[in-house]
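The structures considered in this document are given below.
Note that subunit A is present in both complexes that follow, paired respectively with subunit B and with subunit C.
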Partner chain A sequence: MSTDERPTLVVEDLSVEILGHGHPVTRVSFAVDRGEMVGIVGESGSGKSMTLRSMSGLLPFGVRARVDGSVTVAGTEVVGGSRERQRHPRVGGRAAFGYVFQEPLAALNPGFTIRRHLLEAMRPHGLLGSRGDRHERLVAALEEVRLPDPERVLRSHPHELSGGMRQRVVIALALLGRPHVLLADEPTTALDVTVAAEVLDLVQALQRSHALATVLVSHDLSLVAERCDRVIVMRAGEIVESASAQDIMRSPQHPYTQALLAATVDPFDPTLSRTQPEGGASPVLLSAEHLSVSYSRRRRGAQPVKAVDDVDVRVAAGEVLGVVGESGSGKSSLAKALAGMQSTSAGAVRLGDRLVTTAHRDRSWLTGDVQMVFQDPYSSLNPRMAVGSAIQRALAIHQPMLDGRARSCAVHDLLDDVGLPRTFVSRFPQELSGGQRQRVVVARALAATPRVLLADEPTSALDVSVQAQILDLLRDLVDERGLGMLLITHDFAAVRAIADRVIVMHAGRIVEAAAVDALITSPQHPYTRRLLDSVPSASRAGRPHDQEAS
Partner chain B sequence: MTPTDIAPLVPAGASPTGSPQRLWRQLHRNPKTLVGMIILVPIVLVAIFAPWLTPYPYDAIYVGDVLGAPTSEHWLGTDLNGRDLLSRLIIGTRVVVGVPLAVGLLTLVIGVPIGLLAGYLRGVVDGVLMRVVDVFLSFPWLLVALGLAAVLGAGLSTVIVTLVVVYWPQVARVTRNSVMAVSESEYVTAAAAIGEPRSSIVLRYVLRNAYFPILVLLSSMLAFSILNEAGISFLGFGIQSPQTSWGLELAAGSTYLTAAPHLVIFPGLAIVLVVLGMNMFADGLGDLLNRQGRER
Partner chain C sequence: MTIAVLRRLGIGALTLWVVSILVFLIIHHLPGDPISVLLRQYATPETRAALEAYWGLDQPLLDQYVAWMGRLLQGDFGTSITSNLQVSDILAERLPRTMVLMLGGLLIALLIAVPGGMLAASRRGSLADHGLTTGSLVLQAQPEFWIGSLLVLVFGVRLAWFPTSGYVDFADDPLDWLAHSVMPMVTIAVVSAGLLLRTVRASMVTELQQDHVMLARSNGVAGWRIIGLHAGRNALAPTITVVGLQVGILMSGAVITERVFGYPGMGLTLVNSLIARDYPVVQTGILVFAGLFILTNTVVDIVSMWIDPRARAKLQGGR
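Up next, the complex of A and B:
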């Protein structure tokens, strides 16, 4: 137990005012004791990251902000004082905070070796010490975060490490000052699901062994509920609900929490089973046999990398086929090859009965039959083209017989179809929210009158509540128009929500293909099982994760 | 509460970064571009109406007033030949405005297509075009002026050709880099996916998003071209008397620095003022670009 009466971290009435831009954080109060992990959940713009950053003096540069309220770490006030003191608040000879960032590649300097990163981080804490045992201490710091072969890691630059290893390095850096409080801001969002589970296991283990007070910020309610003791739900800069993980999941009080929970799909929820019309009568729209895609390496004589290796795919009308895999599994290469945007090295692609495969980047055979919905709606729309013209361009190309009037009618119809108001024709992408943009992307794809939609991570850049809406929209379109759809994702929840069948890809090959229910309830392949075990699940909330492996 | 409420909404009525109205408003609000425009707009107006504004004909000689100091008759004094300096400076604004205009236009016409080709097609095309650019970039402007003056003879056309030769490679290089960056964007891939033809991708998607750095380069380039024109005329390769430009006046006056300092001071001040205006404008435009980059 702490000798102090008060918990290690006490935040009282913390407010942040960005001068001239309102209050991203308003009167936030919570407390975290040592050895406890508290999760903060919220969507983008909810102020969750801003809360963390203002506590630790890490507000973005060039932002003129005023931070009010009180943050005490082990009884010492850390808000206020000089900017320099705020950036390295120290309490009782230890750092007040250790900070784990979302994107480890961005948090590390690409020009520094890991060794140099560690040394740089030791300096402000006065931990450089004598040269004699410095190397041993660096190795120990890396061993603490369970990095294999620390000697090699020390000599490496960030780009030579995998995402999970990088995040371990960032955690090691955060722990160097022996912090009282560990602040983790979406620490696993940039990582693959199996790696994310490992990193979270590590954070939990460290939190226990070092008796850290930990704050875990995430957009993912299931993840937070599974890992944390208590959950704080934030919206528009305020705390709307704060309760234990079980209570939040079982009996959410605030309507916003309820809405968030309703939007969160638990892939293991048995009530989600799809009753699919198993007729087998629907025609196959798009199929690929023995499809391979390989990238030649720059270095002469090197073996080309096989991104997709001998893959068979079939999509029928009215069917959503989920393609699940981690980064590097070849799922995006498969999508590009099917969309004709990537040359294939072997195999055949058929569109209906027509053999269309080409070994080069020639898209003339497509005639709009295969359209894509991209991952990031913030970058897949031309910022200088209004919504209406973006859709009109696609109409002009694929339905050239329409005259001006018919074309603007068609634009209105498409906006109706994707659930956007008609007034949006004159809006520009930067005026729209992520979900609205993604609807525009869908409308643009539909304007080409496709038979098959390829959706490449269509929801991973969106907020949870919006994800569900976009998935529902895609499913409705498939059902109403008899389209075929390939849903490429790393997210089992998305697949569970709308897919009929799933294929699991690993290292360019299909390791398992089954109906969604069968795959999730009784996975056959060990890799599928490992993937599913790593998925954060609300139904496992409160249970310690390390017992889950058995 | 519907879940749509959760989506962050951009304030209604915000017009996009791309629209001309928005650009115009931004130019007004930024203090640097505002000051730049306050200096430059009158100068352009003076250039347009120059013949009606001059108190005396620019080449009329007043024999009694050689090297005369400013008086109530000749506000800025008279030059070596007894010509009214104010009238000569007013006529000189036509060069100050005309040279950058011609140079800007020609460099755009040559530089942008070459940069666009190199940046969009990449590979061999990029390699060849950029080596040509490198060769041109290695010419010092003075040497080019000297060589061209020997071929074409001194005059206004020499000034313009020199500056175009010196500046088009910069435009080409900046265009190419900007186009390369924009070509990586997903909306260019998306345009290909909906089946946009190449020409349309290049014009509607790439160039429309790549032009801003070119605009900024152009505005600072124009300031330099005013200085360069003055320099070339100062050295005697440019505008010839009795035609006039600010640089030429400065050169003529420099011989009589002690006897008639006003002959150097006023043209010098005029040059400083217009270059200051140009630079302020360019600087402000650069700020706007950076902010735009962050908003995206």
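Up next, the complex of A and C:
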């Protein structure tokens, strides 16, 4: 059989059995040709990462697994055979696979310099070569992934680089063995949206220039549809649908794909236009004027960091205000300051007409009026406390006048409000799914009868199909109860789905504030435009996207 | 670098001062006193009063403490009441023997613990792992006097490979010195080896699950190199911290072991001096042990910060 006729990567009936823990991957087959980029989409537990790992022999240490089926790279079988070959299969003097990881900080050894990383990765390929030109080759490897100032990067440790730079280093390491196939497992999920777009541009450019067969795994259907030629949808370890990016977006066949697509909000979809709440009549619930938050450095003489710098915010009853920004923009510090969980260095916060803070650590005003919904429902619920007790505890603090009977009635009402069955009272968080947990968190916040909800990335730890449900729940609560809500997020889709107005934060300041529609259709500030350009969008699927932002 | 180091040394000095007060108070409040031990049935009120005055024991406690501290700060460690030898001479002769015993024990413990822990972690869940972890737990549960007696019985009496007690100076006969030192060192090592093995294993297990280990594997780095270098280097920091804390256990181990083997080190001296209520030797000896412990842990703190490049910046900054 000639290697030229078959696609570079052919996966046939790949199955993984974790001994004693079921089958995360069942009879998966697909093929990727050289220069082609195929996306695998699925929610958590769909087996998409496990597929990649089992193909390339990267199953976790200490996990006993059986991998069946066939994976050929350039015509050579790489599954089975000796342990050593499985760990690092090589085909025709080149590595079979290059692997790009999700979280670049975790993927780099904190104790090694970047130079050491590159040398360690060169050694097994026999690329160490002569000392004479070694340095030049190291620099060239970094230049290939367009890292500025490679000399400095070589000397740096991972923690001294930005997230985007780290991911470029990881890509450089993956390319060192001149792989046939590039496997990228959620390569941009840990990165800010503008950086993510740059990294994906780089991956795409390298894939073309090196004619790599590329597999991009992601939870984000829009991203995959925008970047890939073909899309594979996985659920519960199986492929449910496989088609070209356009076909998947226009005419998904499988009900699961349709559901996934329905749950994916495209922030640029013009049909999403919200009718604005009738103008300005509703009272302002929470406002801040000239609010600043600064963190002092521990080192003497260092300037304090201004996380929030002279910010004005107003949230009215029945309104959802989106706060969008990248990491380090100050959006979470703003939320904490508004909730009274962070001392402010200047400015005033008002709850209704009441001035609640002028400066520093006075927390006497902390009431149930402002409640937070946290990002990660896995860590914001006490694993030893049943759902009912968690809500009861909040009730006991904020509504102490209730007796036992009234309190358990109130718990039932709250569970009804967030759409959970009353039997959940006796359940423990670990028995619930992510979405159910987040509903419990919302119920617990409502127990304080707040006037304002501060939701800090309430959906970013959840699967796509669940995100939409939680967002709908939050919007309904705001509408029914006349609450005000601050939705802090990096995700334009979430803002587009439920917010009325948006403020865009950058380096502690508000760079733009507008109604959602206006902001998305005609952004004024250059930073907002750059941010929006970086958002993966299904409506741009198949469009060429290789202009590099840097 | 200097400020972080100086701060640690300052805290160490403060701790040492508190230790000096505690040691002083405890020993002076123990029932009995050195004069009674010294004179036994020959004690008359006159000789007792004369000796107490000679050693300054008739002074108020606070004055005695101040006098002791004052002499210490001038480098005068005092004189033993029972043997009339300079405490500094006793320390100079006996402390090195104890340190050698401890270091030898630690070395043996590490030689067992580091490879054993790495092996157990890299074969997690295997028979070797279960054997090593269970074995280390069993070892950890053995008291030194029991291990020591067992070794004496088997290797000293039954097999007669090693002398059962005593000491020969290294300079006189290195081989004989080794023969006298092996069993005490092994006794000290046994208890530490168990805990260290489990520490190495635990930090290696954590480290081997890191993504950077995956990345090294995906780059084709050899398995032994990943375990020994990529993961091993990072697993070192928690291990070193535990080694520092182990020094305390090694010291108490040395005290008991020296008594079992009749090994004339500082531990045996301390026990005998305590029985004789020899205040100057006990006070200063314990203070020196405490000082060594604090110093070791300060060095350990600095070294483990130095290993981690993220913490190293803190060490280098703040000049």
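Definition applied: the second predicted complex is superposed on the first by the 539 of 550 C-alpha atoms of A that agree within 3 Å, B and C clash if a C-alpha of one lies under 4 Å from a C-alpha of the other, contacts with A are read in each partner's own complex, and residues count from 1 in each chain.
What we mean here is this: a residue touches a chain if its C-beta (ideal position, glycine included) is under 8 Å from a C-beta of that chain, and two chains touch if they have at least 3 such contacts.
Everything quoted here is computed from the prediction, not taken from an experiment.
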| item | value |
| --- | --- |
| First (subunit B), second (subunit C), both or neither touched by A:Ala448 | first |
| First, second, both or neither for A:Pro60, with subunit B first and subunit C second | second |
| First (subunit B), second (subunit C), both or neither touched by A:Glu289 | neither |
| Contacts of A:Pro110 with subunit B and subunit C, given as first, second, both or neither | second |
| Partner chain(s) touched by A:Asp229 [first = subunit B, second = subunit C, both, neither] | neither |
| Subunit B versus subunit C as contact partner of A:Arg384, first or second or both or neither | first |
| Dominant contact partner of subunit A by residue count, subunit C or subunit B | B |
| Sites on subunit A touched by subunit C in the complex | 56-58, 60-62, 64, 87-88, 90, 95, 97-99, 101-103, 106-113, 120-121, 123-125, 157, 159, 170, 173-174, 176-177, 299-300 |
| Sites on subunit A touched by subunit B in the complex | 43-45, 235, 255-256, 259, 263, 339, 341, 363, 366-368, 371-372, 374-376, 379-386, 393-394, 397-398, 428-436, 441, 444-445, 447-448, 463, 465-466, 468-469 |
| Footprint of subunit A on subunit B - complex, ascending | 1, 3-4, 6-10, 14-19, 185-187, 189-197, 200, 204-205, 208-209, 295-296 |
| For the subunit C and subunit A complex, residues of the former touching the latter | 122, 124-125, 205, 208-223, 225, 230, 233-234, 307-310, 317-318 |
